[in-house]
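Structures given as structure tokens follow.
Each of the next two complexes has chain A plus one more chain, namely chain B in the first and chain C in the second.
Up next is the complex of A and B:
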């Protein structure tokens, strides 16, 4: 099989699993709507668009975190990560397949979250949508790599936010400020780095 | 090794003594900030040393991934450990300086200080990661990857903080070189050398301790 076919098969497996079990996506959707509702009450009435936008980014990061902690649960519980590592495919394909599945979940959650945000708060502009799209790529790639690290540890779900949140700070800056070039730069750096590094994270030697 | 550590410690003590003497008796008092500006000679060298620690840790991590040499893994860990200590000191000295010159303990306008907060959070999680995974090649791999992400995060975070900043930090170095008088620059250089020597000494001490520790564990396993 070619690299692309491996990646497609792995991503398809994750999406199919989600389609059958319906575990991650519904909880992400509920979480993001609940978070936006909380933010409505947390913000004083008549706050600026900028304040609401900042909270949107907080909601996106935490929703992504919720999805990412679930990303490797199936692999962990069934010991499937070992099987995947043993499979005769490039190990970075495991990362790419998983990252694509995570990206799909994120986009699906945001397809609901962004209109909800626009309705609840002060609308939405194209720049924010573009920034969210770019940020998703960075979140999915770094988050998938760190998710694979976190499941190997004893602390597991506890560990991922600690590893991931400092990495997410530049994403929030780029998103809130609307610096699309900066988000693209972040994606370029960390997609390549995560892609190259994944092999080491899952190998036992 | 037996000779190097005492020599290093001796040089380090001398440099630190010289730096402290220069800072308090030789460097001129700043016209604007007065006496409190002297903390600059501690704060900035400590910060730069912290970068050096993280950089060294990442270099050793890269070495580990290339050679699979367990010593490189330990060296990377020790360097990052020292980096976190120096980073913590940077936050403390920066806070004190901010309090003395602006009257606040924390200022989000200070790029470097905010960057150190981000790095401090990032590298503290390094220890959480390391201590939650059982010792072995898998842990060494993950630690190395995480350390390498750290050095990639430094410039990216720095850029991010620059983008989000307000302009109150005094820029001492700019593209035209250091904006310091000769005596100030000399004091700064001695202080920087002293901090780097301190790092080297502490690094060797901790490394020696950890190596003995590992050796004892090996011996105990042989006996058991």
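Up next is the complex of A and C:
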């Protein structure tokens, strides 16, 4: 119960910060709509649904990356990771709170992006929406872990894409193929791994 | 409270410090002095448990009994003082945190601006809020890195009053005159 309250307090803090700063979500929205618009005009008419779906996943992954680069900005610029790590709460609560906030931003961006995709291309089926929802969980969990790693590194802007994009390949494979079981398995594995690994990532920052 | 033997810290080939011995008893005051870049901040980070020593042994009190103020006040600039302290009060599991937060904000002259964003504050006001945060959970060990930084005369006097409290202190500064008479232990970096 205390753990859940800690997670809720940390996630609420991130949502409040975004509400005040209005930096991450507007950037993500602008990016994903711009990317889908470019794809719409770049693709020749009569392009297959599978090809369009591939571009949707590319847009989602890069939009997520944009959000993830902003996820730890306050912790990085204001040294707040030190203050959070020193608190006696379970350190994985810091990861979970942040991952939930990232997830909320992703879902908010997709609430706009998916209808836009449906309008620009060949509609949207329930399987794709389910795949996106499952992918969001994996993206938020792995991305938040790598975001914390990047805070400690020197070449931060470089490190996050280098760590995150290879790990996003299975998500794209599962998403384009519509393999929901594969995405669920990815989530199960990487949520647990990220949750357990966060303690070690922030131990020497 | 703190027992360190032959403590050393390196970053790759760069040796920050080595051979540090510390015996700090409850109620003691360790004054760490030295020029900029001499390793004071790194030592405080090691003592706070934020960085691991490369060599040596170190015994520290439990995490919830430690308060750490670094070069930055370690508060969220887009939150208000009340929101910052409520968040940390929650994470430190403070009972009746509202009363404690109110008392600290009053003491450090921030009550009137408790609903304003920290980003609108001067650096001195942010430092005052950093002191509120670090005292919030009534730590028995306080690690303060250049605590007088940016404080005006009134702020410095408030901090002097904090030092009168019976706690264990490790204070790093390159201007030791203000706290020199309180020191029970000294550590000078070259």
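Quick note on the criterion: the second predicted complex is superposed on the first by the 203 of 205 C-alpha atoms of A that agree within 3 Å, B and C clash if a C-alpha of one lies under 4 Å from a C-alpha of the other, contacts with A are read in each partner's own complex, and residues count from 1 in each chain.
In this section, contacts are C-beta pairs under 8 Å (C-beta built on N, C-alpha and C of every residue); 3 or more make two chains touch, one makes a residue touch a chain.
None of the values given here were measured: they were computed from a predicted structure.
*Asks:* Quick check on the chain A-based superposition: chain B and chain C, clash or fit?
*Replies:* fit
*Asks:* Considering only touches as defined above, state whether A:182 meets chain B (first), chain C (second), both or neither.
*Replies:* Only chain B is touched by A:182; chain C is not.
*Asks:* Between chain B (first) and chain C (second), which, if any, makes contact with A:193: first, second, both or neither?
*Replies:* first
*Asks:* Is A:166 touching the first partner chain B, the second partner chain C, both, or neither of them?
*Replies:* It touches chain B, and chain C stays clear.
*Asks:* Tell me the contact category for A:89 with respect to chain B and chain C: first, second, both or neither.
*Replies:* The second partner, chain C, only.
*Asks:* Check the residue A:45 against both partner chains and state whether it touches chain B (first), chain C (second), both, or neither.
*Replies:* It touches nothing on chain B or chain C.
*Asks:* What is the value, to the nearest 10 degrees, of the angle subtended at the Cα centroid of chain A by the Cα centroids of chain B and chain C?
*Replies:* Seen from the centre of chain A, the opening angle is 90 degrees.
*Asks:* Where does A:16 make contact in the superposed view: on chain B (first), on chain C (second), on both, or on neither?
*Replies:* Only chain C is touched by A:16; chain B is not.
*Asks:* Quick one: chain B or chain C, who's touching more of chain A?
*Replies:* B
*Asks:* Can A:2 be said to touch chain B (first), chain C (second), both, or neither?
*Replies:* Touch status of A:2: second partner only.
*Asks:* In the superposition described above, what is the shortest C-alpha distance between chain B and chain C in Å? Please give a whole number.
*Replies:* Across the overlay, chain B reaches chain C at a minimum of 5 Å between C-alpha atoms.
*Asks:* Indicate the residue numbers of chain A shared between its chain B interface and its chain C interface, in ascending order.
*Replies:* Touching chain B in the first complex and chain C in the second, residues 203-205 of chain A appear in both lists.
*Asks:* Give every residue of chain C touching chain A within the complex, in rising order.
*Replies:* Contacts found on chain C: 45, 48-52, 62-64, 66, 68, 70-72, 74-79, 83, 87-88, 90-93, 117, 133.
*Asks:* Once bound in the complex, which stretches of chain B touch chain A?
*Replies:* 65, 68, 118-119, 121-122, 124-125, 128-129, 132-133, 136-138, 141-142, 144-146, 148-149, 152-153, 156-157, 159-161, 163-164
*Asks:* Could you list, by residue number, the parts of chain A that touch chain B in their complex?
*Replies:* 142, 145, 149-150, 152-156, 159, 162-163, 165-167, 169-170, 173-174, 176-177, 179, 182, 185-186, 189-190, 193, 197, 200-201, 203-205
*Asks:* Please output the residues of chain A touching chain C within their complex, sorted ascending.
*Replies:* Within the complex, chain A contacts chain C at residues 2, 5-6, 9-10, 13, 16-17, 20-21, 74, 78-80, 82-89, 203-205.
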